[in-house]
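First chain written, first letter: the chains are A, B, C and D, and each begins at residue 1.
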């Protein structure tokens, strides 16, 4: 049903998304803290908005491409749902993946709408992102019927990362701009990505040696392995955060002192979109 | 035990309630945002109060009618609880439905009391609404004993929508006037309504073809179908929201500029009931 | 193991506690709302403090009496824990009840300390009350091993009321003085009390007719019955609330207008303990 | 698999951590409340910072020592993970313990970073502490496969204390400086420590008499015993709290009245790090 590539690919996307988020939110936090030193010029409100719009467009594009690829590549269902001849559903697995992509596409479209127009309330992007994660976890939860012990366990561990990410995004609706929540979400996204890789390497290992899916020792090792992935994700995010902080500081030191008279009042008020909320 | 009509009817009520809520809360949010442009005149505090009273009265009336219909139409128990002759309970199913209606009647009566008098604290209407939803979910949860796999699964999925709605209403007690929560509640209500329809069409399908209640592929398809209902509910609410926003803006543009001198100070202070809280 | 009296007695205590709380919190809310009309004289801060101290003393006294009664009346274990002769524990049931009373005694002692001295932070009384409820629920949860279906179900339903009360008290730690939470806690306490009565009448019915503990129809009826208890508790609390509000208003109307000069500044500042927090 | 010493040792560490926390947070709260009486001189901001740094360093040191001890003492795996000769994992138990220590080491390192530099947001130390506790509970949760009833029950009860501690630490991220949460965390840590001792004495009792791990009466007694541990932990923390309060007050009375002119303005603003947040 699954395949090596089918786990490596989404894993890579989540890894990249997590790294992008940790970089983005670190940069915004660093500029917010060093505002008095003129850091506002490094990441102005207009630039933040452009980054958000870019993010939304990329998420939307990749989700649509994902749906089309799943549907048309290599014997996909081509948007046929029910096979009347054989009286059965057409490739439900692929339809499930399409449904997951659909919600991420909605999330991307929402981000675009929220940041390109001023129609919708700002926190809507986090709410829809949270719903997209919940939806992904919900589909995985009902995805595990009749599999081997280790296979079920691997996907259950994945669910922790997904639901933790969804809950963090939901909390952000009420505590927008809290850098800890934003970095925690990035961590959970990286964890999810690297765990997708792990699942790919365990279940569809490209090497000769296969894992024994019924050995309880393997279950115990995998549980521990999950904790190491979490530790690595935490360390990756903190290294990225420190790097961004150092770069921002060194840039600020090299910048000429700002001439206050040149600063327009509008720019000083709203450097961060979140604070306007 | 159930019937096609017995799922279509409550489903329609929840659908209408969800659409009404998304319209109502979109209108209030749009007027609140455009207050400086004189939008307060479109939805004054008195009008808001009248809408709430109307809503409470309709909910109360329909709940009472529902109880009476269940009890008296077509061999209902007519408020007899125990059949002494046969030593058994009289039609517990119908009594359970009456109990659900009873809590929605309480919710309607509370809304009436809160908005017609100033005795009770404003957030009480959301608390009782939340309790009514929790009660509905609680009764459904203990309603599933000894049914077929797909039947149980269909009703479990319904429970997600019910409890999500209950939790959202509970959160509104503490974050009153948050438009995202209000629209999320409307979405969950629409999802619940459309899912009632889906249950009716799957279990008591009016067509010839019957669903196989034991096929695991059907369970997988239904899970996915639930996600599509959710996506449709989200899109419906956002389309409604955008329509209301556009209508409010175009009306404001056509309105003559307000003469500030004619505005009484009392009206300017309290245009929204929620903000007075 | 249990007895009719063993359920009626704690039920009565919880009923009285619930009624007392709904009266107390309604009175405080009514005086807070009508402060400008001089309602502060009806329930001054000193009086509130005296009511709290009285409550704490009563809870402490009854808990200690409860422990002593359980231990010494009718073949109690008299504080012996282990029977060395027969190599078994002495009457664990009674020790469990004593443990529950112990935590309510702690809660009463905390209330006394918090309101008689100013050593501890004010919200501590709610935290310990919440822990006492959680502890009660925790012991009941591990109390159900090897019983009949209806017996287990009756006690599980009791757990909902207990944990809902515990959660409400926990929320009050962070939202102190929120009248909705206070009345919700009172409602849950009344529900718990009346449900104890219901359990007593079902399991140890004083009449001739016994309930069939294995009939699934009885389980369904009891579930519904629980909802009716909840509805009755809600209505009782709201009737009490309205009565208190009316009495406060009519008293205020009959009072002579306050001479502002006679009011000492200290009294005007701190009429409610909660607001000082 | 386990041993007497293997439960007494971590238990002692958690006991000491809990006592240290209750002392530390009581002291800070007492000085904050008596600030007007000059208590700021008893626990200045610099001293608080030094205490935090000390705490972080001790946690980090003991965690690293713990990892090394587990890996090298008495036939440890010496950082070998897989035994290629026998085609099996090397002592997974010890690796699991190392993983737990690893997260506490991360927590210690975070505390050091947060309080020695000003790079990271202040609440990060609580977040990582919470993650360390969650990780410990997570590993214990998947640690219980195929054990005796009483053994499983003892460790499940331990999980309550661990997850309650983790949740409290998580709440502190959003309600930093709330003394009730801080003392609750200390209580949960003491409970965890004393329960580790209890597990050691029950499962690997140094006396001759062994517990019957299949007797349901023992399960019931252990459940009750857990409540007594909780009560003892609560009483210990409150006694410590009262002692610290009394000591602070008596010291303040003996201190000469502060000469206000000598107080630098900077010192008056930021006596507590948490308030700066």
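Convention: contacts are C-beta pairs under 8 Å (C-beta built on N, C-alpha and C of every residue); 3 or more make two chains touch, one makes a residue touch a chain.
Chains and their UniProt names: A, B, C, D = Transmembrane protein 45A.
A quick note: this is a predicted structure, and the numbers were derived from the prediction, not measured.
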| item | value |
| --- | --- |
| Turning angle required so that subunit C (Transmembrane protein 45A) lies on subunit D (Transmembrane protein 45A), C-alpha fit (0 to 180°, nearest 5) | 90 |
| Remotest chain, subunit B (Transmembrane protein 45A) as reference, centres from CA atoms | D |
| Centroid spacing, where centroids are CA-atom means, of subunit A (Transmembrane protein 45A) and subunit D (Transmembrane protein 45A) in whole angstrom | 32 |
| Inter-chain centre distance, subunit B (Transmembrane protein 45A) versus subunit D (Transmembrane protein 45A) - centres from mean C-alpha coordinates, in Å | 46 |
| For subunit C (Transmembrane protein 45A), residues that touch 2 or more chains besides their own | none |
| Contact graph of the chains (line, ring, star, complete, other) | ring |
| Contact pairs between chains, per stated definition | A-B, A-D, B-C, C-D |
| Interface residues, subunit D (Transmembrane protein 45A) side, partner subunit C (Transmembrane protein 45A) - complex | 29, 175, 179-180, 184, 216-221, 223-224, 227-228, 230-231, 234-235, 241-242, 245 |
| Residue ranges of subunit B (Transmembrane protein 45A) touching subunit C (Transmembrane protein 45A) (in the complex, touch as defined) | 88-89, 92, 95-96, 99, 102-103, 106, 119-121, 123-124, 127-128, 131, 135, 138-139, 142, 145-146, 173-174 |
